[in-house]
C-alpha cells in the first residue's frame, strides 16, 4: 500500500497513467484489435519526441526564459546533412550520424553564443537563429537526393519481438540522462542554476560553462534526432522537424518538469511522449477531423498545465 | 470605547509566524497624534514585520488592529491608505520603467482625467521642493535612470503627497540609508516640522543618533518582542544599545579574544575597490578576520563580489591566492536553493570532492552534512528535509556550513547575520574565530558595529572607497560613524 | 558633523547630473534605434530601386504592414505585463477564417464569435494570473486550439471577406498611401492609451514592479485581464485587416505572425521584462519587418530561400547595436 502511495506521489506517474488510459480507451473502441501493434507504433514514434524532449528538458530546467526554439530548424538541417553525407551508401552511416551530431551541436553552441554575446533572452536568440538555419536548410536541401541508405532505414525501423530497437536504445539513453541529472556535477549544476542563478554562481557553479553545455547538448540531440527521423521515414525534408517545437516543450511540461526551472523529470518525458502519440492514435481511430484533433491536443496541454499549477515563488 | 481612542494606530497582541520562524510574538504598539515614534532593534528583531502590519501589507496571525479608535477587522493596504497611513518601505516600491510623476500617480487613484500628468508632476515637484530644496530631480525623469539616493528621495516625497485621502501617519523604514548627510538632514528637519504640525511619524533607523535626536518616544524591539518603550529623553545611547541586546555578546567576545595573533602569515587577498582614488588596498593574511564597515551599500558587497570573481578569473587590482567561498546575507536571493534538502544545499559547493568516480556519492554527501550539522548545530531531525523546514537562523547556519565545509581558505561574508537571532550569532562567532585560528581568512562585511569586535582589522567604506583603516584596538563606534559620514573637516 | 557636508554633496550632485546627461543621451539613441533601422531599410530600397519610393510603390510594399502592425501591438500588450503570447499567429488565422465565413454570411454571429474570442483572451489572462502559470506554455497550447478551430471553421482555403472590409482596406487617400496613415494612426492611438492615460500607467507599472503596484492597492488580476483582452482585441483587428487585404482566408494564414510580432516588439525597443514597451516603436518595428521581409530582399536579388534568414539577421544586428548602446549606458 505504501509503495503504491509513494509511486502515486511521483510527478511522472500521471503521464504514464494518462497514456495507459488513452490506450485502453482506444482498444476498447476497436474491441481489442491492434492493441500490440499500437504499442509498437507508439514506441517507435515516441522515441523521436523523447530524444529532443530530454534536450529541451535540460534547457528549460536552466530557469525561466530558457527554451530552445531552434529545434525544428535544427532537426530539418541535420536530417539533410546526414542524408547528404551518407549519400545512400551503407558504409557512410556512422560518418553521417556524426555529421548530424556535429551540425546540431554547432547550432546549439551558436545559440548560446548569441545569448551570451548579445545578452538577449534565449527565446529571441534561438528564434533568430532558427530563421537563419531554416534558410540554410532550404537552400542546402534543394535538389538533394535525400533518401537514407537502405541499411540505415532498416536499422531505424528494426524491431525485436515487436519492440523497436531504437526505443530500447533510447531507454538506455534516458537512464543515462537521469543519472547525469541527479548524480553528476553537470546535472546538479543545471538544477542549481534553474533554482537561483545568482546563488548558483555564488556557490561556485561555473554558470557560463554549464549553460553553454546545455544548449550544445540540446542542439546535438536535435541533430541526431533529425538523422534518425530521416532514416525512419526514409527521407528528409525541410518540414520534418516542424511538429517537434511544440511537442518537445509539451512533453517536458506534461512530464512533470517545472517551467520555473530547477526541477526536472526524465521518466515523465517518456510518459508524456507516449501519452501524446497514443492520444493522436486514439483520435485518428475515432475518426475525428484534423481540426478536432488539434483542438483537443491544445486543450489537453492547457488543462494539464492548469492542473499542475505554477510554482509559487517561495519566500 | 477602547482606551486611548485618540491613537492613530494601536496593535494589541500582534503575532506573526513565517513557517518555522516566529517573526512577532505578541506585540503591543501604538502611535498617538503629533508624535514621532522611534523604532530600534537589530536586524531580524521584527521591526519590518510590525511595520508591514501597520501599513496593511501583512495580516497578523492573531491580535487586534485599531485605527483612530475603531477596531479594523479587514485591514488592508487600501484601507490604510484611506485612513491616512503610508509607508516608505526599505525595499524600493517604485516602478523603474515609469517617470517620477507616473510613479506618483500609482499611489493616488484620484489623479485621473485629462490633466493628470500635470497634476501629478506638480504634486511631486512641490513636495520634493518642500523636503529637499535644491534636489535637481525632474518629474519627467525615468526612475530607472536615477541614482539609488534620488530614488529614495522620490519615494519619501511621494509618501508625503496628499490628494483625496487624509494623511496622519508616515512610516519611514531606514529612510536615510541611501542619502548623503546633507539630504538626510533635510529629511529629518522636515519630519520634525511635519510632527510639529500635528501629524505622526514612525522612524526606523540604524543610526541611533538620528532616532535619539528626532523621536519623541522610542520603542525597542528584540527577538520579535517589544522590550522597552519610553520617552526619548529617558534614553541615552548606552541604554538603547543595552536594551537592543548584544551588550552581553560584546562582553563575551571581549573576554574570549586571545591576546596575540601569529604575525607574518602568508598573504591571502590584496584588493583595491574600483572607485578607490588613492593607493589604499584591503589586505588580508592567513588566519585574519577582516571587517568591512560603513553604512549599508557603500561598496562593501561590490568589493566582496569582485574578490569572488577574481578567484576564478584574473582581474586587475585584485590578488587572491587561495580558493574562495561566500556566505550570502540575503539568503533568499543569494544563497538558498529552495527545492533542495539541507544536505544538498550544503554539498553544492563541494561537489567535486563528494564524487566517487564520476558520480556524486550520496553517502559522502550525507557524511559531510552530518559532520557540519554537529559542528555548527543545525537543529533538524533529518538533514534530508527541505531547507525551508529550518528557521531563518538555522538556514543561515546551513549557508555557513556550505562555505566552511568546502576547500575554501578564504571566506567572504556579505553581512550574513541579517535577521538572525542572538543565540545563533554567538555560536557562529565562536566558529568563525575557531576557523580563523586554524588559518582560514575571513572578510566580513557587517552593518552591526558590535560584530566588528570579532575582527582583527577594519576597513571603513564610503561611496565605494576605503576611507579608514583601523586596528581592533583603535575601534570605536564613533570612529566608524565619523568615517562613514566622511570628511569631517 | 553634518552641515559641513554641503559642499561635498553639491559636488556629488554636479557629477551625477553630468552622468545623467550621458545616460539621457544613450537613452535617446536607444529610443531612436527603431526609427534609424527603418530609415536604413528605406534608404537601401531607395538606392536599389528609386521607383519604389512612390505612392504606388509604398502602397504595394506596405501591403501587409497593417495586419503585422496590429498583431505586433497585440503582442506588445502581453509583453508589457511580462508575459509572452505564442498563439497570436494562429489566433490571427482563426479570426481570418471567421471573418471570411461567418462575418460575411451571418454578421451578427460572426461578431459574437469574435467578441467571445476576446473574452477567451481575457480569461487566459485571469487563468495565468490566478494559477501563476507560465504564459509560454498556456499560449503554446492555445495555438493548437486556435488552429484546430480555424480548420473547423474553414476546412479548405477559401471564403470571402465582407464587402465593407474590402472597401475599407482598398481605401486610397490622396498623397499618402493608406498603410502609412493607418500605421501612424494605430501607433498614435495606442501610444495615447498606454503611455498617456492614467490607467495606462498602471498597466505598464504592472510589468515594472508588480509587488509595488499591489501594495498601492491595485488589482494585478485586473491589469492582466485588461492586457490580455487588449491583445485579443488587436489580434481580432489584425485578422480582419489581413482578410480585407487577401480577400479570402486559409487556416494557416497567420502562422508566421507569432514570430513576426515578437520580433516587431523587440525591434521597436521593447524588452521582455520590466514593462518597457513602446507602441510607436512597435509599429515602426513592424513596418521595418514588413519592408525588409520581401520588397527589400527582392530588390537586392536575394533568392527567396534566404529571405527568412535575412529577417533573423536583421533581428540579430539590431539587438547587437542595442547591446553596444547599453554598454555605454553602464
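Note that the chains are named A, B and C in the order they appear, and that numbering of residues resets to 1 at the start of each chain.
Note that a contact is a pair of C-beta atoms (placed from the backbone, for glycine too) under 8 Å apart; a residue touches a chain by one contact, two chains touch by 3 or more.
A quick note: this is a predicted structure, and the numbers were derived from the prediction, not measured.
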Comparison of A-C and A-B (more C-beta pairs in contact): A-C
Furthest chain, CA centroid comparison against subunit A: B
Whole-Å separation of chain centres (CA-atom averages), subunit B against subunit C: 42
Centre distance in Å when subunit A and subunit B are each reduced to the mean of their C-alpha atoms: 45
Centre distance in Å when subunit A and subunit C are each reduced to the mean of their C-alpha atoms: 30
For subunit A, residues contacting two or more additional chains: none
Residue ranges of subunit B in contact with subunit C within the complex: 55, 57, 76-78, 81, 89, 92-98, 102-103, 105-107, 109, 111-113, 116-117, 136, 141-142, 145-147, 150, 180-185, 482, 485-489
In the complex with subunit B, residue positions of subunit A that touch it: 179, 183-185, 188-189, 191-192, 195-196, 198-200, 202-206, 262-263, 314-315
Subunit C to subunit B touching residues, read off their complex: 1-6, 8-9, 12-13, 16-17, 20, 23-24, 27, 196, 198, 201-202, 204-205, 207-209, 211-218, 274-276
Contact set on subunit A toward subunit C in their complex: 64-65, 67, 114, 117-121, 123-124, 127-132, 134-136, 138-139, 142, 246, 249-250, 253, 259-260, 289-302, 305-306, 309-312
In the complex, subunit B residues that touch subunit A: 18, 308, 312, 325-326, 328, 332-340, 344, 348-349, 351-352, 355, 358-360, 388, 402, 406
